[in-house]
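One chain, chain A, links the two complexes that follow: it is found with chain B in the first and with chain C in the second.
Moving on, here comes the complex of A and B:
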């Protein structure tokens, strides 16, 4: 009896939060679906009625669609590669006993606390500026011609900025995973004649597999939606238009809400495919 | 093929010296047990021999070769860890084959050795399982298998049985002893359990605070403990210590008498006392007897069936030849 009572009480108490979250998700979702089947041009006549799947066809057949998918993939994979590889190395370094460990660890987390817009501005104006940027000064110091980062290497620049933001996240998760490794396993491997690199390859890396999948999963979902960094730096020019940015342009720059909404629905489907796919991997990993 | 000599080795962590200068020789083929209370430095000593810790000073000689600065893998020793330290993502086969793989052996030779080790340890049916799917005893055997395939000069065991339940522990104890008989390889075994030490060892090294209190065969330690610490540590139940008037009679600071060397009588005897708790084990009965002038109750080991109850008055008589006498420094008096 007691458990049944407390169960229904729990349900009632949880209800406000659940309803709020559900509304938060359902209202925009239904609105997006609603607009995606409409010809809706706010500055050019407003609601012009239902047009079926026209928006969906137009969005995919536009010349900007496939390049934007490619750009998205390049950014996501590039950032994942950098954060996972550097994250593992940094985690290994931070795991070593050293003086001022606590402070160093907090410093490593710091980039994660900086808002994307701010960090993109800082990178754009203080590091990558071809005249006043730190990197330009560095290049000049060595007698080289400063690179115009954002116009000559726009994708790499954005990948660098985003990777810088996400590196702390990867490092933190991987660091906790490394700390949970039983040191006797490493000692056993050492006794078994495994040199440091083999110990890394045979013991540490397999131990990190689960943490790496989790990092990849979570980051992919957030990286698919990268927006502020592009908006602040290149505004989608020089081939940095991702799917997310394309949707933004369709809605706000072309003032075609219907077309943008159709793109949004594609993005939802894409993100869910990635999520399901990665959930399976993580689920399998968690079982083992 | 497995003689290990420690010359004046010391180990300090920061300012704390956990092992003061220590000498020890372990002969080839011996089963040596390091035993002592927790924190006595026995595991540290084992890790020094293994090379997992560096000695602060002194030298380690293995088979006549200076090994003080030789990395662990090159010392030709194999270690079985307390947590077994199996590689969780590898099958049993791969776990056992790991040292061979690291040594660069070809696949066929690896398989042959793994099969042979699995046969010895009854693991043949489990070779393709992961460690997570095995029971504690099986994991223990895999850890031993991983050590065997290397054909080491000596095996090092770091409290290998402490994670097993009591029944399994007795079994594994026998298996390890059996293994030692078969392989005739030097084995160094660390434990805090004096029963394991007594039952398995050719030679016991009793340690306290990093200092070797006594080295000897189990029976040597039992019959002629060098000091009060060894006397109290070896033997179960613990030796009874009596001082004051009891000891003065024997011209000693303290006297010790083992529970099995006391005779109980309800009518007459040397010392008079009151029975407290009695533990019936079937084969034996342990009586805890409170005596006047004696702080701790005296433990007596009696036959299985005694009709003595809580609160009864009993008389205890020691076997005179089995009384151990200790001086002011707790050293044994001849």
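Moving on, here comes the complex of A and C:
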């Protein structure tokens, strides 16, 4: 029952947020588009004029492009798969009656609070180092040859580090969702003789669908932008150069702004494809 | 009707859950333990767990060598400033969207979320250039604004889902009982909104504290927070695990403690509205 008056008040209250975000989106975006059509090398001659779609063609035809797209997708999907599957299992476990549940939950959540540069450095040096790392000690203990994680299994290493950081987030949200499940429904199913697997498949999992959607959405936003974990560990070598990292190198390391900006436009398009897909699901949830 | 649980089953659950919990927590525990070792013990083979000569030397060295307090202070200012600024802008917006929804409310919410999906790297150079032109590079104020803007969609979104939970009927009832608008806001809405605002504040403080794209790319020496402080340890020089651990422990300790204390609210904050 909003009146005309409250409507205009609402508009004013919304204005700062909308205007700021609009500016934050449009100004840099316009500049990126502008640079992407220029030959622009700040350290080697500066603005060298318009060159049409040259940067776009060069960025895609460079040998680094497709591998970087592939790397990005492997990391995002790998982490999502691990965190959602383990998150569901962990949430189911933590939902069971036990002693010290609160403490266990604290232990599980902790990695979420660790800043990315710290977790990357700790994993890189203290766990994955082929000589002094703890995993190397473990391998040697079992008589195996230690793995050179970051050079021989670089993608798995990075997925492992990032998944460790995001598993708590998934677990936490899924646990809360499970706890909101009507336990009488489960008991009724149990009394009717439904085995655990079908109780999980027909009651728990459908109930979790919404939570899983949220987890996937929020994580994807952050995972597409993974940066520090690569910056600190491999610096993009050994096939760990994601699209984000490739553009970062073009823009800040080789100072080829035109080319990097064209790459930026591609990254934005890629992110939007994912976004449209995900937003539709969230939009549906907003209605419900 | 609570379900009966046998002690045996509870014991199995407990053992299993504790094992997994400790496994997940182990990297943090190991880092903390290593920070109290000497460099030689830190890389000893086989590794030592508890029985070593505990020392605080690493902490002293790290503080002395890299001026930890300055980075810590920068982190506090950046994370705190951007969160408070974000809330000031987001609370009215989320409020009006939740209580005076229009046909476009959903579209605006969706659009805000979409700005969050804009990859930072896509606008890295423009922001970098603007920062140079405006003299904001390596300043706290510049970075505070950027951190506020990147988290603003999440703040609005979270607050919206919280405010949405406040039943409109209560407001109507209060109005019927003759409450003025001021009383309505002060005694009815605010108490119900505070938990949501607190959770939002906390989560965004954590996100801003741990942000490591803009803080690494837009700072050099003066405004660098703890993320950059740690990244400066990424080139190893000889024996350094113990010092790395001490630096890491100091960088994560404040947020770890904060996170643990407000665990319950965090759960609500991450899920309220979005997960029922």
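Just so we're on the same page, the second predicted complex is superposed on the first by the 259 of 288 C-alpha atoms of A that agree within 3 Å, B and C clash if a C-alpha of one lies under 4 Å from a C-alpha of the other, contacts with A are read in each partner's own complex, and residues count from 1 in each chain.
Here is the rule we go by: contacts are C-beta pairs under 8 Å (C-beta built on N, C-alpha and C of every residue); 3 or more make two chains touch, one makes a residue touch a chain.
Treat the numbers as computed from the prediction; the structure is a model and nothing was measured.
Annotation: superposed three-chain arrangement on chain A; chain B versus chain C shows no clash, the two fitting side by side.
Contact with chain B, but none with chain C, is seen for A:192 once the two complexes are overlaid on the shared chain. When the shared chain is aligned, chain C comes close enough to touch A:17, but chain B does not.
By the document's definition of touching, neither partner reaches A:57: not chain B, not chain C. Of the two partner chains, neither chain B nor chain C is touched by A:77. In the superposition on chain A, contact of A:96 is made with chain C only, not with chain B. Touch criterion not met for A:273: it reaches neither chain B nor chain C.
When the shared chain is aligned, chain C comes close enough to touch A:121, but chain B does not. Considering which of chain B and chain C touches more of chain A, the answer is C.
No C-alpha atom of chain B lies closer than 5 Å to one of chain C in the superposed arrangement. Annotation: chain A residues 184, 187 touch chain B in one complex and chain C in the other. Looking at the complex, you find that chain B touches chain A at residues 50, 52, 71-74, 77-79, 81-83, 85-89, 98-99, 102-103, 130, 132, 146, 150. Across the complex, chain C meets chain A through its residues 1, 3, 5, 9-10, 13-14, 16-18, 20-22, 24-25, 27-28, 30-31, 34, 43, 45-47, 89-90, 92-93, 95-97, 99-100, 102, 106, 108-110, 112-130, 149, 152-153, 156, 206, 209-210, 212-213, 216-217, 226-228, 230-231, 233-234, 236, 241, 244-245, 248, 251-252, 255-256, 258-260, 263, 266-267, 270-271, 274-276.
Chain contact summary for the complex, chain A toward chain C: residues 2, 6-7, 9-11, 13-14, 16-18, 20-21, 24-25, 27-29, 31-32, 35, 90, 93-94, 96-101, 103-119, 121-127, 132, 134, 137, 140-141, 164, 167-169, 172-173, 175-177, 180, 183-184, 187, 210-211, 214, 221, 224-225, 227-228, 231-232, 243-244, 247-248, 251-252, 257, 260-261, 264-265, 267-268, 270-272, 274-275, 279, 282-283, 285-287. Within the complex formed with chain B, the residues of chain A that make contact are 182, 184-185, 187-194, 198, 202-203, 206-207, 209, 288.
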